[in-house]
Structures are given as structure tokens and as C-alpha cells.
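After the C-alpha cells below, expect a handful of questions from me.
Every chain is named by a letter (A, B, C, D and E) in the order it is written, and numbering of its residues begins at 1.
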Amino acid sequence: MTAPILALRGVNKSFGPIDVLHDITLEVKPGEVLCLLGDNGAGKSTLIKIMSGVHQPSSGMIEMDGQPVSFPTPRVAAEAGISTVHQFGGTFPLMSIGRSFFVGVEPTWGWGPFRVYDRKRANAIAVKAVQDMGITRISDGDRLVGGLSGGERQSLAIARAVHFGARVLILDEPTAALGVKQATHVLRIVNEAKRRGLAVIFITHQVMHAMAVGDHFAVLIRGAVAADFKKGEKTREEITDLMAGGASMASLEAEIEGFMASHDGHPPPPAE
Amino acid sequence: ADIAVVGGSNDDAFWNIIKKGIDDATPAVEANGGTVTYLRLVNYDNFAPDVVQLIRTAISMEVDGLVIPNWVPEAEDPAIKDAMAAGIKVILMNAGGADKATELGAINYVGSDEYVAGVAGGEYFAGAGQKNVLCINTLPGTANIEARCKGVIDGITGKGGKGAQLPLPSTSFGDATAVAEAIKAELLKDETIDGVITISAGDADSAAIAVEQAGKTGATKLGSFDMNQAGLDRIKAGTQAFAIDQQPYLQSYLAVSLLAANIDFGTDLPVFPVLTGPGIVDAGNIDATLAGVKLGAR
Amino acid sequence: MSASFSPGGLLRRPEAGAALGLIAVLVFFAIFGGLTFLKPAGMASWLNVAANLGVIAIPLGLLMIAGELDISVGAMVPFGAMTVAVISGHYGLPIWLGVAVALSFGVIVGLVNGVLVVKTAVPSLIVTLGSLFAVQGIVLGLTVLITKSTSVALTVEGPAKALFGDFVLGGQLQVMVLWWLGLSALYIFFVHVSPFGNWIFAMGGDKVSARNAGIPTDRLTIILFVLSATSAAFVGMCQAILYNSAQVAGGQSFIFNAIISVVVGGVLLTGGFGSVVGIFFGTITFAIVTQGIYYTDFDRNWSSLIIGVLLLGAVLMNNTFRKMALSATTKKKGAKV
Amino acid sequence: MTAPILALRGVNKSFGPIDVLHDITLEVKPGEVLCLLGDNGAGKSTLIKIMSGVHQPSSGMIEMDGQPVSFPTPRVAAEAGISTVHQFGGTFPLMSIGRSFFVGVEPTWGWGPFRVYDRKRANAIAVKAVQDMGITRISDGDRLVGGLSGGERQSLAIARAVHFGARVLILDEPTAALGVKQATHVLRIVNEAKRRGLAVIFITHQVMHAMAVGDHFAVLIRGAVAADFKKGEKTREEITDLMAGGASMASLEAEIEGFMASHDGHPPPPAE
Amino acid sequence: MSASFSPGGLLRRPEAGAALGLIAVLVFFAIFGGLTFLKPAGMASWLNVAANLGVIAIPLGLLMIAGELDISVGAMVPFGAMTVAVISGHYGLPIWLGVAVALSFGVIVGLVNGVLVVKTAVPSLIVTLGSLFAVQGIVLGLTVLITKSTSVALTVEGPAKALFGDFVLGGQLQVMVLWWLGLSALYIFFVHVSPFGNWIFAMGGDKVSARNAGIPTDRLTIILFVLSATSAAFVGMCQAILYNSAQVAGGQSFIFNAIISVVVGGVLLTGGFGSVVGIFFGTITFAIVTQGIYYTDFDRNWSSLIIGVLLLGAVLMNNTFRKMALSATTKKKGAKV
């Protein structure tokens, strides 16, 4: 069994008086997709923000390759090979595609204080990375990001993370705003990253997406790890119930589907 | 002759009368084929650099003559010398004085002097029996304005009284109530203040209310630099003692006329310097002054 | 906006920080300013300043809550003053005509500002900076053209004087203080009690969503600009009547002073949060800080320093409280200017 | 057959030189859920913005109950009984729940210019509406919206639209950011609205959600209606392909699943 | 920021609108101002003004691109001037010491501003408004305390004079023009050519995302504040050396003038968009508008009106272009102040 790249050991996080994460222990191995599941507000985004240096744990430890590390800023985490697409933001509407792609890690030539931003190279790499994601319409790296559709922007952010994700790729609800085709592309990219031996942490609210790529599932309920299991260890129904925070979704789904069935797909007569 | 006049801020009452003098002198200059250009500071924020900039602008316009107040000699002298080196004839107006004119080689000096005017004000207070005078400065740090208050303080202390300056922060500039309440507060705090003088006619409107509000009408005498209609009305009514008048109309009118005639006809005035003030407007000469105000010349 | 009256809720209201700031400076000057500062004449001294500033600061604060800014008030004060002085002083026409024209100029400039902001995408700071210069130019140019002077005298008597520019209640308080209290009460009603206030907060929170929710954002924006320009013209007009004279210059200090009062009063510079009561307290705080200095023994040359430090302190205090209030509101990001 | 409440007839929309919608003809009947499907950037949001008065059609007609109408502002559309939850925004972080709920249609008492905002009533109604959505944690209408989680905020916006949606309820990707439980609640609400005889327009990228509630499906591809069919007329696979803008998703899905299968759910050895 | 060189791309660059505005006012004044305005001496007249303003406007513009604002530059100009005048004029110490101390005061005030903005949640407008007052107070108080005067003379000769405060190239251009050109070139390099510029734009576009992308936003913010305060102190220092004197005075006009230049230069007030070349053009435009008036026959009383209208026109023009450039960028909503 391969050793975990990144691991959390007994991590707690509170914002002032609000406890958000309780005693989280989790690990992710190379070539493995960890699906982080959980209800709205369960603490998934907070958890991955700790892994990517945005927040500091209130207590507990982060380990990389078995060594304790700390990520005081996102830059440190990025330099350690952790690449994150956050749930919100991540692109800059008024910047060009090339510049937005390389924000903070601009390619340069020259030396010392006279390093020059290498626009040509940045654009070429960015356009290629985005096209590899299936967005073939984009061919000019000088276009402003603001001119892209929501899905295209999301794809750009993911392409960026994949490109720089030397070892760990973290995606926080990357498919939420995406169309069917784009979402499938993202899933393909996740698999591709896995194949290349990266560790991937994938957050989603869609069971289908989780089951399509996940090797390992962790479910957060109110800030604690409520379940941690491997692919195939639980059924779709069990996973759905866990994602809903432990509620029994079967009854809810039955309710909706039952309704549809009872009316045979036709609406009832308008209420008086 | 093409003449440039450098002057004070756009919306300053004093300099608007200067402009009236220029405007009145202009037809005579134009009758002899010349022009007159008035270069005014936009504000007093960046005083010395802005004034020098205006002198340079005048030089760049290739004028024949320059009328300029020498407010900040250290800063202005080199520029004035450059103007002369470019063949421009210079008359100092309003600030600088005879000695400076001689030193620079200017044709003449027309004007009073902020400091001398201030001294006159301080002495007027002393003459009226006031012992403790407060000079209200709403533009602290501005060189020509500081000279006014310094003169007042020196004038009153020279006669055995006491004087002080009240610099108001920029938060109260242009807010009549803030100025009035500041003065009132000082009057309430220091009962011995029996004279108040403001650096502009507008501030005197506030000061008049402040004196009244402090319950010091009659006890505390009010004076001002420069005048406006409301101030003169107060002098007539007896609620303001006096206003210091430099007769700005004469300063610019004479300066422009003298300079143009010198350039065009080679005339020269034996009077040196030409002093237009300080004059004091008080109950004694108020009526004649009021007539001039109506015409925008006082 | 929350109107709960529990003690916790009270601390979370936008005016809580402002009230504490006010108390702090009151104590500061009561200690260093001594007794005269708290006597009626001393209190009148800062109340008068607060009133003149407050009548402008409240509508400006509402604009800021709605996410806009109006710099042109700095030129509207002399414009209002000069209009009434020229009409009723220089030309000797009836004072009521002067009052009416001064206020309608306020309405016109406000309309121009509002329409430009709504119709073009130019930020309101820039639009009103342009109209600040333009109105300054108009006031100077027209006044000199008409009166040959930059200072115009005006004598008003009778009911107009009593209504707009006189002292009341023992001859210490300007009648403006009554206007200020009255207008503040009206604003409190319209902003916090009537449904309109909700619209302003919604606009400042998210203009697009507000419009989508059915709020006539364009009309409301224009109305707020009219309100602020007219209020500034009103203050100028009253000052001219009170001081019997109007000057072309000045008024620019109102810009910064009003903005400071509004922010000290707990209004969020990015819009969407604040209260009229807070602005009211903020204005008094500012007036006390600037006027209180004269009752102390500090060297007057240092007054700007003291003002700067005290105001920064008041805002910091305020902010600490706002943070406590919104501790859970973390996802609101936005241009922090 | 019931007559349509709201219909578009030959609607076109362009922003400057960009044509976004081409000749759209669509109708929605009371007691019916119309699912609007399509790729990112297909024009779904633009279409419903025309129906809710945010944008004006460049040409074409809107009909309500068979009569031509026009919605110059969102307010007019709201007054005609059209209630919309837009894709972005819709709540005000710094406002209380009660005020945010009633923005623009505040309940009052008193008369004339002295109408007074009825805080008590607004809070009571808002809290009840949100609790009816299954968010039972919310009980204080004075709480600031900014303190709610993303899912709670979304639920608040939907509750608002349902409350004011007298006749037509439009939901633009209401479930995108929601957890499994919350999404199920939204679906239940859609069914509930349908049962009450409202017309519902529902935009989603999730086939499952669409199939769970839709009676009638319209698919937009690059701004034109590419398909318009009833429940049961097409298979899930066909709908998925249409949602992806006509691309054949079957192959893509097969690719991903095939990969998973071939590795039997286990990651390949890390790449060298 | 896009650096494509196609004609369409050229028009979409942030400086396109600024360049057109510049051409428009040049034509305007060439028509109404006549020939002298375009002769070397006339050009020097507005170049000198532009240089002094521009050295401050560019760092201020960078701050605005990064989503912040610095009002305190208004007080830093007299602070810098007074510091060198007191040290090397009043006390007669070596000029290099005066220069060093003046600049380091700039660094200190910038550090204080930056740290306060980064550590507290107070908007930078308010923080720097506070430091504006505070520094004004310090300058007035200290100067009077030390020199008993508000105007201090200073005579500088030798290399320091030549370097900081002399005329060059035929005695018309201030050496500041060379500084301005050199600094502009440096800024262009760092903002548009080196990778650092990218960070500033990213910060202004979305500060949280920028930090998440690994940009040291706090450090960068502080550096930008240090840059703007130090540049203002530098300009004040050079003016004191050039004009042999320093005054304690407001300096507030620099604030508005610099902000106007930056906005006319195409920088978005909400941050994230703009260019150094645009600011450069905007500064020249502003200088031409304010200086050009002197070369025309317009009555001076109307100059504010003309400035206001011309500037509003320039911004409107600029905005039309920006809209064209970003026609597809519609989802960016944000506080529009």
C-alpha cells in the first residue's frame, strides 16, 4: 500500500466562538480520488481551505509524506505541490486568459529584478491547457476572462489547478455550475490526474459524479467525519443518506417519485 | 505691450477686486495694441510652486511685462530673474516691498504689504484701547496670510498689548458655522480677549455672529482684512470697528498702467515705491467706501 | 436594520459603535475641555456645527448606503448661499423667491448628477467630481458677472429669518438645529420605519438583485442625489441668511467632513449597511472632536493631528463592533475602497 | 387542454452585435413544470430574464393568457404574477431575513405616506416560509442573511419566489449549490407549486432533477429551441445528449466508466 | 493588460480612451489657446505640472488598480517639503540628510497606512483620511514649534540641486520631468512587463482569490502604500529644493488632481483594470486642461466650469471605450462608488 501524500491528524477549526471542524483525521494517497461529501455547511470547504493554506487549523496537524508541515499562506501550500480550485472565485474577469492562468506563478525570462513576463509562453500554455479540457473555442490567450461563460471560466480555473498540481489536486464543487458536457470533461480530467499518480480531493453534491470517480469517500456531518469508506463498500442509497447529513433520503425520494407515479406524470387539476 | 499679471486664488474677494483694476486698465493697454493676461492661482494649497509655475507660464507666453506679487522671495526670485533675463519688465505688486524691487531690478513696487497692513491693524486695536487680540487664520500655513496675523500680533504687542493667532484646521475652512463656533469658543474660554480680527472679509461675517453669541457685543471689537458689503454694513451699524483696506483696485490698476506705459512710451514714475495702503476703513470714512463697493472696486 | 430590542441585538445595531464613539469623545473633552464645554453655550457650539453638517450628512449617508457618493455637495453649499444672496440681496427681490430658486437649483444639480450616474456607467465619485468643478465655476462666474464681487450681502428679516437663519432657545442655538432634528426624525421614519428604507439598503447590498426584486433603482438613485444636492443648497441658503452674507469660496470642507461623519456613524463604505441614527451620532462625534479642541488647552497648531487620531480611533472602535455584529457574514467580498 | 399562462412567440435577443436567442417560441401551462435544459451559455438565463422583465426582447412577443404583454421592468413582471429566482444574487447579506424576504413588496400598516413597515408580520411570514422549505433551524426573522449558509440563502430566495409567485414560478439552477437534502426539498417544492396550479419553469444541468419534476422539456442549443417534448417522449440518454448541446455523451460516459471498470475501482500504479 | 498589437486590440487597451481624451484636449487648446501653447516654453508649462502630479498619480493609480485609495498624499507633499527645509534649511544640516529623512518619513507614513489597512477592516479611504489630518497636524505643529514660522527657506547647491530641483534642457523643464519619465518607464516595466504587475491586477480583481492563488497580498498592499506616500514626499522635497522654500499648507488639491488624472487615464475606480501608460496620458490631459486655460481668452472666472466639463467629457469618452472593450464582461457586478 502506498503511503499517504497528505494527511490531517486530529484537526479542529473554529472561527471565534463557532466550531466548524472537530477532530478531523483524513488521508489521501497518490493515484487516489478522495470524495469529500456532506450537507451544506458541513465544513467541506473549510477543511480543504486548511489543506491549501487559506486557513490555519486551531489545533491538530497536517502531514505531508509523513512529515508534519504547516501552510501559513496559500503560497506555501502551492509550493508544496497542492493545487486548489475553490468553490468561489479563482478567476479575474478583467485579466487576460494567459495572465489569469499564471497568476502568482508567472513564467518569465531574463534574470534578477529584470525578469520579464513571458506573455507568448503564458498564452500558449494556458490556451493549450484549456483546450485539453475540451473547450476548443478558446484560441486567443489575450482574451479577457470576463468574456468567457461561467462554464468556460470554471474550466479555466480547473485547468490551472491541474497544470500546477504537482502532487495534490483539490476541487471544491467544480461541476456545480457546469453543463453536462463540461461536467463530464471535469470527471475525465480527474481520472486523468489520478492516472498520472496525483492525489485528488473532490467535493461534490452529486452522488453520480462522486461514484463515477471516487476511490475513497469521506462524509462530513456537522464538522466531523461521519463515515470513511472505500469504493464499493456502500450502496448509492447509503451514500445519498450520508450526504444528506444522515437523514433518510429514501423516504424523501420516494415521496417525490411516488407523487409523480400516482399522477402518472400528469399534473393534477389546478387547485381551486 | 503684452502684460501678464499673476494673482491670488480664483474665488478670493480681494483678488477679485484686483481683477477689476486689471480689467479697467486693460482697454488703455489694448488701445495701444497690447494685451493683458491674468494668471490666477487656483487655490493656496501648493503655494510657492504654483506661483512660480505661473511666472514660468508667463515667460512661456513671451509677454513684455509682468506684474507679480513677491510672496515667497526665496522661491520666486530666481523665476523673476529668469523673466528679466528673457527681456520681460517687472513691477512688483501687493507683496515684496521697495527694497526687494530695487534688489531684483523691478521697475517699481505698487502696493502695501501684508505685514505692514497687519501692524496697522494691531496698532488700530491698541489705539482703541484693546489689550488682547486674537487673529483668526482659516488658512494656516499660507505665507501671505500668515504675514497678516504676524503683523497684527507685532502691532498690538508693540503697543503693550497681547496678541495671538488661532489657526483653524482645514476641516472648518468654508464652513461659516464651524468658524463662528470656534471663535465663540475661544471668546468663552478666554474672557480677556477684547479684539478679534479675521484674515478675510467672509470670516468676519462668522466672527460677528460669534461675538454676538458670546455676549461680547461692544466689549470685543471686531476687525477684518479686506472688506465686503456685509462688513461695511456692520461698520456703519457700529458692530464692526474697522476693516484694513489695501485698496487692491489701485494696486493692479496702477501697476498695469505704469508697466504698459513704461514699455510702450518709456515713461517712468519718480514716486518709488507707490504705496496704496494700508488704509483703515472705519466709521469715519465708511460712506465714500460704500459707493466704491457698489462698483466692485473696493 | 435589525430592530430587535434585546441587549445583544442592541449592540449589533449599526449605531452601537457610533454611540460608543460619541460617548468616548464626550468623556475625552469633558476631561480636557472642562466645564465651559458642557455649559449650554458650549454645547450649542458643537450642536450648531453638527446641525449644519448633519443636514447634509444624512442624505449623503443614504447615498452611501445605496452604494453611491456625492462630492458635489461641496459646491452646492456656496451655490445655495450665493443664489439667495444675489436674488434677495443684490437684486432685492422677495426672500421667498430667493429661497425657492436656491432650492430648485439644488434639485436641478441633483437631477443632473442622478441622471448621469444612472445613464452612464461612470462612477458617481467621478460624475460628482465633475459637477463639483462645474458648479464652482458657475457660482464664481455668475456671481462676478452679476455683482462684480465675490461676496454678496443680504439682510433678511421677518418670518424667513426666523425660519431659516436665526437663533432660538435663548439665542444660542441656530434654528438649523431644529431643522436637523426634524429632518432626522423624518429620515428615521422613511428609512427605518416606512418600507422605502428597505429599498435603499437592498440597492446598496446588490443593485442588480434589487432591480430584479422590483425596486425602481434608477428612480431611487436620482431621488437620493436630488436629496443630497438640495440639502446642501438648503444649508448654504440658511447660512447666508444667518450670516447676512454669502461668499463664493469654501464649502469643500463639507465633503470630507460629511463623509467622515457618515463613516464614523457606522455606514459601510461599500454600501448596504448603516443607519440614520448612526449618522446622527457620527455627526455629533465629528462636531465635538473639531469644536471641543477650542475648549482644551492643547496648542491649536496640533488640532489637525488630534482630529485625525480621534477620528481614526472612533472608526476603529466602530469597526470592531461591526465585526462582532457580522461575525458570521464572511462571504461578502467586494471592492474595498 | 388548459391554455398557456405565459408564452413567447418568435422572440429574438441580441446584446449589441452578439445574437443570444433566435426565434424562441415556448409556452408554459398552469400546473405544469417546464424544464429548460441546455449547455453552458446556451441562453437559458437570458430567456428567463426576458420573461421576468430584466431584459427586453429585441423582437418577438410575450403573451400572458393569450394577450400580448410587455415587461419593461422586473416590477411589472412581478405584478403580473411572475416570480423569479435568478442564477446569481437575490439575497442581501447585510439585511435581516424578514426584510430580505419582502424586498420591494414590504408589508405595511397605516396609510398614505405614513405607511409603516410591519416588521413583526414580515418576520413571521418569512420564517414560516423558510421553515416550510425544511430549514427548521431558522426561527429569528431579524437574523442577518449574511449569517446563513449558501444553501440556506438559496432556500430563502426560493421561498420568497414561491410565496410571491401567484401564477408563474421561474427557478434558474436553484439546486446548483445545494446539498442532496436541500435539493430534494426544492424538488418537493416544485411539485407542491405544480399541485397548487402554478406554472413552473425550472432550469437545471442535472438530468435526474429534470426528470424527477419535469412535465415538459425544452432544450436550447446555441440560442435556439432544439427540442421540445413531453415527459416520457425521450430516454434519459437522449435528454443527456441534448443537454450537452447535441454531443454524444454516451461515448464520454462510457469512457469514464470504462476506465473505472478496467481498473476494477483501484488506482493504477503511480506513473513514473 | 492585453498586449496584443492588432488594431482592434489596440483600441481595447486601457490607455486607448485616455489617448483619445488627450488628443481631444490638445486639439481644443490648440484651437483656443493659439500657438504659444504648443511652443517649447508653452509645452514646458504643462509638462512641469504633469511631472509633479504624475510622480504621485502613478503609484496612487496602482493602489487604485489594487482596489485601495490613498488620500494622505495631500499631506505628504508639504511634509516632504518641510522636512528637507527644516533639516537642511533651518538647521543647516547636509542636504543629503534632509533628502534621506524626508523620504524615510514617506516610508514610515506609508507603512502606517498600509499596516492599518491590512490589519484592520477599515477602508483605506478612511484610514488615509485620518492620516491626512494627522500628518497635516504634525507638519503645522512641528514646524511652528521648531521654526516659529510656517514658511522655511532653504538654499541648495551642487549635485543635490541639479538632481532634485533644477531646470534642465534650456532652462524650461524641471528636472522632475526627467524623474517622471524615468519613473514611468520603471513603473511600466514593473507593472506591464515584469510579473509583479500581474499581482496588482489580480489583487484589484478579487483580493481573496489573489491570496488563494499565492500572491502575498498584504505585503503588496503595504508596498504600494509606501510607494505612494514616499512619492508624494519626494515631490514635496523636490519642490522645496527647486523653489528654495517650503510652506505648511493643505496640499489637498493634489488629492483630487491625482485621482482625476488616474480615472481620466482609464483606471477602474473599483480596481482590477488600468495601465501606467493610461495614467501617464491622463496626467498630461489634466495638466493641459488646467494650464491651457491660461493660454485662452476665456474669462478666468469660468475656468472651473470648463475644467469640470472637459474632465467629465474625457471620462465619458474613456468609458465608452472601456465598455466596447469589455462588452462581453457583464457578470462583474460590484460596489460602484
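In this section, contacts are C-beta pairs under 8 Å (C-beta built on N, C-alpha and C of every residue); 3 or more make two chains touch, one makes a residue touch a chain.
Here is each chain with its UniProt name: A, D = Sugar ABC transporter ATP-binding protein; C, E = Xylose transport system permease protein XylH.
This structure is a prediction, so every number in the text was calculated from the model and none was measured.
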- Task: Average the CA atoms of each chain to get its centre, and name the chain whose centre is farthest from that of chain E.
- Result: D
- Query: Which chain's C-alpha centroid is most distant from that of chain A?
  - Reply: B
- Chain centre separation (chain A, chain E; CA means) in Å: 42
- Quick one: chain B and chain E, Cα centre-to-centre, how many Å? 32
- Message: Averaging over Cα atoms per chain, report the distance between chain A and chain D in Å.
- Response: 25
- Item | Of all residues in chain C, the ones touching two or more other chains | 136, 140, 144, 206, 208, 252, 256, 301, 303-304, 307, 328, 330-331, 333
- Message: Can you pull out the residues of chain D that are in contact with at least two other chains?
- Response: 89, 150
- Query: Going by the touch rule set out above, which residues of chain B reach two or more other chains?
  - Reply: 10, 19, 140, 167, 169-171
- Complex contact set, residues of chain E against chain A: 1-4, 9, 189, 193-195, 197-199, 201-202, 205-206, 208-216, 268, 272-273, 325-326, 328-332
- Can you name the residues of chain E that touch chain B in the complex? 36, 39, 41-42, 44-45, 48-49, 52, 74, 77-78, 133, 136-137, 139-140, 149-151, 153-155, 171-172, 239, 242-254, 290-291, 294-295, 300-301, 303-304
- So in the complex, which bits of chain D are touching chain A? 2, 30-33, 38-42, 149-152, 173, 176-185, 187-188, 191, 194-197, 205-208, 212-213, 215, 231-232, 240, 243-245, 247, 249, 252-253, 255-257, 259-260, 265-271
- Item | For the chain B and chain C complex, residues of the former touching the latter | 9-13, 16-17, 19-20, 140, 165-178, 180-182, 184-186, 188-189, 201-202, 205-206, 208-209, 213-214, 228-231, 233, 293, 295-296
- Sites on chain A touched by chain E in the complex: 52, 54, 73-75, 78-79, 84, 86, 88-96, 99-100, 102-106, 108, 113-117, 119, 140, 142-144, 146-147, 150
